[in-house]
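See below for the structure under consideration.
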Amino acid sequence: MHHPINLFEYEHLAKEHLSQMALDYYSSGAWDEVTLRDNRAAFERVKLHPRMLVDVSDRYLNTSILGQSLKLPLLIAPMAFQCLAHPDGEVATALAAASAGVGMVLSTLATKTMEEVALPNSLQWFQLYIHKDRGLTRALVERANAVGYKAICLTVDAPVLGRRERDQRNQFTLPPGLHAANLATLNIPHAQGESGLFTYFAQQLNPAITWRDLEWLQSISPLPLVIKGILRGDDAVRAVEYGAKAIVVSNHGGRQLDGAIASLDALAAIVAAVDGRVEVLMDGGIRRGTDILKAIALGAKAVLIGRPVLWGLAVNGKAGVSHIISLLQHELDVAMALTGCPSLEDIDSSLVQLDLKS
Amino acid sequence: MHHPINLFEYEHLAKEHLSQMALDYYSSGAWDEVTLRDNRAAFERVKLHPRMLVDVSDRYLNTSILGQSLKLPLLIAPMAFQCLAHPDGEVATALAAASAGVGMVLSTLATKTMEEVALPNSLQWFQLYIHKDRGLTRALVERANAVGYKAICLTVDAPVLGRRERDQRNQFTLPPGLHAANLATLNIPHAQGESGLFTYFAQQLNPAITWRDLEWLQSISPLPLVIKGILRGDDAVRAVEYGAKAIVVSNHGGRQLDGAIASLDALAAIVAAVDGRVEVLMDGGIRRGTDILKAIALGAKAVLIGRPVLWGLAVNGKAGVSHIISLLQHELDVAMALTGCPSLEDIDSSLVQLDLKS
Amino acid sequence: MHHPINLFEYEHLAKEHLSQMALDYYSSGAWDEVTLRDNRAAFERVKLHPRMLVDVSDRYLNTSILGQSLKLPLLIAPMAFQCLAHPDGEVATALAAASAGVGMVLSTLATKTMEEVALPNSLQWFQLYIHKDRGLTRALVERANAVGYKAICLTVDAPVLGRRERDQRNQFTLPPGLHAANLATLNIPHAQGESGLFTYFAQQLNPAITWRDLEWLQSISPLPLVIKGILRGDDAVRAVEYGAKAIVVSNHGGRQLDGAIASLDALAAIVAAVDGRVEVLMDGGIRRGTDILKAIALGAKAVLIGRPVLWGLAVNGKAGVSHIISLLQHELDVAMALTGCPSLEDIDSSLVQLDLKS
Amino acid sequence: MHHPINLFEYEHLAKEHLSQMALDYYSSGAWDEVTLRDNRAAFERVKLHPRMLVDVSDRYLNTSILGQSLKLPLLIAPMAFQCLAHPDGEVATALAAASAGVGMVLSTLATKTMEEVALPNSLQWFQLYIHKDRGLTRALVERANAVGYKAICLTVDAPVLGRRERDQRNQFTLPPGLHAANLATLNIPHAQGESGLFTYFAQQLNPAITWRDLEWLQSISPLPLVIKGILRGDDAVRAVEYGAKAIVVSNHGGRQLDGAIASLDALAAIVAAVDGRVEVLMDGGIRRGTDILKAIALGAKAVLIGRPVLWGLAVNGKAGVSHIISLLQHELDVAMALTGCPSLEDIDSSLVQLDLKS
């Protein structure tokens, strides 16, 4: 195969670089994968109405999130176990992100420690799962702050783990030598006829967390709170009221509740409900620069990409991730030129119009 | 094949355990099977809008139907001739249902007698076809009451049998040794170029039944009356007025009138028309726990499942049926956790929104 | 193959009984055959909302058209060259129709003379193409009246012939021994790289015909006038104003204007525009008894079927046509039982509801 | 293969006459080719409501654009590098267009000089890309005027070139012996891992052009200005305000911004916004005479066809282009007869109705 020129080609190529268990873990969605597919389809349903004869000789793709600048409206989504894709794992991802000027959200379930990954001059957030063990949770938050992560990104859509049946069939667990590096005393178990990660969630994570617990979380850390996994306007309002500084509209890449609304379809109502009080980001299905533009036109401040980063990492480590980012950067740049948007602020809702016909 | 982990895998596996005639009888729909397919597609059209940060550490899946408790909002739909799937037939199904705390509706056309199947401590209903022979019909109803069935579930969508062309081609009839056990003197005939069951219906069942006959039915039995096969709001209102205590929204699994509206699509209007006066159940196309959740969100008190029970029965008898139920239970439990619903009462209409786009 | 049990199986079987040129001529639509396919798809889009607990022990499928009774709301559509399917051609079709008590419309382009086909006790109409030669046209009309046809069915959607590209490639013409029997002096030519029928239309038929010519037509014949090929409400109103006694909503089986609205989709607006002043019939895509029921629910008094009759004729002559009719009769009978309609008058618009979702 | 009888067959046949690089260049769209496909699908979504019993014995397909008459409401769209299809290239196309009485728009990137192609008695426009080199641009405009082109057709949707990934993989450039004949000193470069044309655009074309530059353009040429590439009503109004005499609704055949609205879907809003002040044309997806009729019914004065002309050119040079035009002419003629439209003025909006159902 020739040198990949888009994210789909990376996805194709990555299959040669991954074990079946890792490929299944990365690519699968929950149950029948309806939401996984719909996340993509939602982007195809949105049609663009480009504006012509605007001076687009210079394009400005930079933005800021929570007051911190980014060269692109892009963050790497939190994804567990990146050493399954490449020995350098999350470290490679972080270096590629920092070098490109995009953000990165490090997963609680990283296979590198947050200390190894930390690049304090970059926009890095720490993604948090609240464990039943509050001491452990507090320790994670404190370490994140200590080594320079800029926000706590709390995932709220996983009180239990979604059922990814490929993992269940594979009895997914980490291969020897890999472990959840930030959780020294805990292991992803091997479970008979079951995904080890599903078992881990059932044993360790706390499904009793409610909005009230955000007060506790904010009391133990000076870091701003980002809530990831919101799909309803009323929940978004509640997040604002409970102190969140940003919201990530997400269905966890179709990996939690199959049948959930596509992220892009949920975006506009949430943007309207939030009404500018906090920044709204989204993830789920982004594969092209035009997808980023569509999300921004529907009100997102930035987007997160997940699986494509893993494909880049699997194919070529840090360089692969860098290439994934630069492909999206180039595509967004061209898309902005072709829609008459010299800057991200020019991407307004008149550019999109939900196609009600197909 | 590995151990099945969802209902679709049971369906696949069951093909190895059934004669072609039995498989065709169980799986087919009327005419072009448009409604059969649409029953499933309707669930995929409904998107979920989950609620986050609710304490879901305990989930309560129990409910009550006609005042009787169930551990799950689930009943086994009435299905004829279950001994075609397994020698234990309806007895195995009933034991599995009772042991799981779900309901069961026994078909008039069972291959085990209602006395063999009866488990008086369980929620068991007797499904009734009103025969031309009123004496026979009365005898069925009286036996059902005598051995402890808790309701008469009158099927109203079959004044004649729907045309299932696979049965017609197979000249469907019962193999030697099987018969409609509750109808000692009657047999499913063997008919040239015709489904024997179609012929049976034409000969024995009464297509003259009207709402007025519900008065007669209620006069001969103290059991509450459940009307199964309603697809219109006005008919639902009439059922209430004529004394029904519950309604099952159903198109008979796509086996009667091809082209009929999908059950799920018919549900909301019927719930609105009934306006809480009686309990509304539904069947048709349920294959996942999320499907149950969607039906409840659209107003159903509980759902009935049909064919998957037969696949479980064919694969592994009572244990197969038990596994089918426990798969649905587990999926519903996860779905409730992921939508922020600790109990069935929390499943409200805000969780669903008909997708008008695809 | 077993004995066919529905119209689709007849279509399949007919392929073995027809020359490629005849099969192509019968089965093809204009250009890309979009309307041909959409005629069928339109029926699948309409969902039925059946009514329960109506006494359907007797079903009455009879109706009347222009005051003449029919045992079924069904006519055989005018179709040219039926001897391509079977040596008995239109004579066989007419005998089968009469024996079943359904109507028949004989094509101007029949391969049997209208005198051979005439069965004066039956509902037979003569389909007319107005030729440039008015004397010829007048003679056709007078002969039709003389031998007992009950109406002139004027086809208005063919000022030129639609482009059926399979005929063009086949250089369609009649094989030796067949000719347009009612047009003694005219022949379907053989044209290089062209459909002979297309050439015939261009040479002989009059594309200058307007509504005014209906006055002339009515002046030369006492027979009531039926206008076939209407797809717009305003044209339907005009037909009424110019004296038509019935209207056939039709797109000529998708053979004239590709991209035209499906007949069923055009029906309701025309019924509303006509407002009961004349009878409205429809054709295009009818393959099941439920299709007839849907058309009636949308306001048609009766329907016409075309191609399936040719498949029956090809497979088994008159007996094949009879079987096609009896299959539809049986299916309509079952469909009426299952929708709670003992008579055609009971088939009201509440039974159908256009599915706006798919 | 037999002699092609429609444009799709020409497309199929052309594959045998073109190098893979040329075929890919001609047939590809931007990125995922969503808009390329949707341009076609949009035509299938529009259904026709034909009018009957109109005298269509004579059909008038002629029109005028910018005061100049055409025998058909058709122009050849500007397409680069036509000598890739046939040695006679744009000269053959021009001769065929002139002989058929249709218009032609010559591309800036023609492989024949505008002087070679000019036929001053015909409707020929010169398509302009504004280069960074204003002197070069002015020279092109002056030459166009000098040799008799009747308008400048400014392409506004290409401030940068769209990403056609097949060209990128092929490292598309012109083969030896071909060059952009109107741009003597410039060449399409050969670029490693890149489309040479993409590089050319980045180097030579001016992405800073705005509406204001239309004043400059009109100041250097007496020719009327046509703006090609508008997809929004507000842009169309701006074009009128800045002096354009006609607008071409276009997404550049799906080759620039993938995800852009289909041309046909954009048409009606633009026609409404322009409100008769200038003529509106469209291109994108026209393959049948009925497509032309649909575009006119939605308000277009004429349409442009692109790729099919290249297929005709590849298969048979000038004769192939002539045949493509005559096929469309014949199809439009038949479509007008079948919709009751003796002239283009009779093609009104009542003939079309957007199908909201599929």
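Note that the chains take the letters A, B, C and D in the order they are written out, and that residue 1 is the start of every chain.
Going forward, contacts are C-beta pairs under 8 Å (C-beta built on N, C-alpha and C of every residue); 3 or more make two chains touch, one makes a residue touch a chain.
None of the values given here were measured: they were computed from a predicted structure.
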Just to be sure I understand: going only through chains that touch, what's the smallest number of steps from chain B to chain D?
2
Interface composition of copies chain B and chain C: same or different, split at half
different
What rotation angle, rounded to the nearest 5 degrees, superposes the C-alpha atoms of chain A onto those of its identical copy chain D?
90
Return the distance between the CA-based centres of chain C and chain D, expressed in whole Å.
42
For chain A and chain C, let me know how many angstrom lie between their CA-based centres, rounded off.
59
What residues in chain C touch two or more of the other chains?
356, 358
Interface with chain C, chain D side, in the complex: residues 2-3, 5-6, 43-44, 46-57, 288, 290, 294, 331, 334-335, 337-339, 350, 353, 356-358
For the complex, give me every residue of chain A touching chain B.
31-32, 34, 38, 41, 45, 156-157, 159-160, 162-163, 165, 168-169, 193, 206-211, 213-214, 227, 229-232, 234-235, 238, 256-262, 265-266, 354-356, 358
